[in-house]
Amino acid sequence: MTEFDTGLPSTRMVQNLIKEKKEVEIKLMSDDLVMGKVLWQDQHCICLVDHYDQSTLVWRQAIAYLKPKV
Amino acid sequence: MTEFDTGLPSTRMVQNLIKEKKEVEIKLMSDDLVMGKVLWQDQHCICLVDHYDQSTLVWRQAIAYLKPKV
Amino acid sequence: MTEFDTGLPSTRMVQNLIKEKKEVEIKLMSDDLVMGKVLWQDQHCICLVDHYDQSTLVWRQAIAYLKPKV
Amino acid sequence: MTEFDTGLPSTRMVQNLIKEKKEVEIKLMSDDLVMGKVLWQDQHCICLVDHYDQSTLVWRQAIAYLKPKV
Amino acid sequence: MTEFDTGLPSTRMVQNLIKEKKEVEIKLMSDDLVMGKVLWQDQHCICLVDHYDQSTLVWRQAIAYLKPKV
Amino acid sequence: MTEFDTGLPSTRMVQNLIKEKKEVEIKLMSDDLVMGKVLWQDQHCICLVDHYDQSTLVWRQAIAYLKPKV
């Protein structure tokens, strides 16, 4: 996690989810499932916002997988 | 976690929570939920203080997510 | 996880699974088991797609093991 | 965890706990809670000693949080 | 895990297990126990093969311990 | 965990346990408790041997704490 390369497919996939304001679910290693729209990403975190406009700062180090909702 | 860039959105978001003395909850990979106000952050840790003025030194490596309380 | 060396046996094994469109199962440290075909891999993630064409972005950091399905 | 900067607030907070011979509790990602006085710290570990003079070498990588006992 | 030094005792021990075609068991941090013969190792993974010739790609990052079977 | 500095207190403490052939217990993040004498350590692993002369290769990345037995 030492670099944040915006050209990587995984970074671009998250960037597209931000643009398209898609709902996602993120499964964490703590076994939590967090849901919402992706507001922004940086080197360490992905910021989600839910239906009540509450934001959750998710640490990348804790992410197991991310899934766009269908 | 090799650098501590104060210009990153995630670092600034935590910095704002410090300034505004906002209550937060931090979910850890150990499945613990710790709550309090953020006193300070450095490269390795985030320091919380609770209603009884007790401080808890949270290791960044263990953070799953952080949420400002509503 | 600081480099992505396409010459490594493990990277090439995943690359072959992509070419052969093989079904795999990936066990995660969150104890989840995700299944599907590998679409692509980059330095941080492996992207799976399931029978309903839904994609799942799996973070490498969370992978315990990967097994081609028989 | 690639450097051990004795000037960091978190490192100094632990250093103060050593000087003051304060009891602490450390919650680990294995979900264990270890207690005792901090004898010393280095780049990889924090060494605790309990009432029976038994020492426990705690790996920093496993620490979720540390709390001075009240 | 940033380098793969074939001169390290631990790397050589695994290399010997490959040459001797010894059965091993590997305990993972996901709490899984995988068993088989070690086919090869690289910087990120250890590849096991079981009695049915099925291979399992184990990520080093997930290994808790490895034991030659007796 | 990018360097193996034999001058660090934690590395020297393990080195002394090797010389004194002391029994230790190591708690892992997988929640396993492994016991035995420390045979050797390198940058990635600590090798234990039990009463039946069976060796266990413990990955440092998985260690929560280490305790000399009393």
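Lettered A, B, C, D, E and F in written order, each chain numbered from 1.
Definition applied: a contact is a pair of C-beta atoms (placed from the backbone, for glycine too) under 8 Å apart; a residue touches a chain by one contact, two chains touch by 3 or more.
Since we're looking at a predicted model, the values are computed, not measured.
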Neighbouring chains common to chain A and chain B, by label: none
Centroid comparison with chain A (C-alpha atoms), farthest chain: F
Magnitude of the superposing rotation for chain A and chain D (Cα, nearest 5°): 120
Chain C and chain F: spacing of chain centres that average the CA atoms, whole Å: 32
Chain centre separation in whole Å, for chain E relative to chain C (CA means): 19
Residue numbers of chain F (touch at least two other chains): 1-2, 28-31, 61
Arrangement of touching chains [line / ring / star / complete / other]: ring
Order of the ring members, counted from chain C so that chain E is second: C, E, F, D, B, A
Chain A-facing residues of chain B, complex: 1-2, 5, 8-11, 13-14, 27-31, 60-61, 63-68, 70
Touch list for chain B against partner chain D, complex: 1-2, 28-32, 34, 40, 42-45, 47, 52, 54-59, 61-62
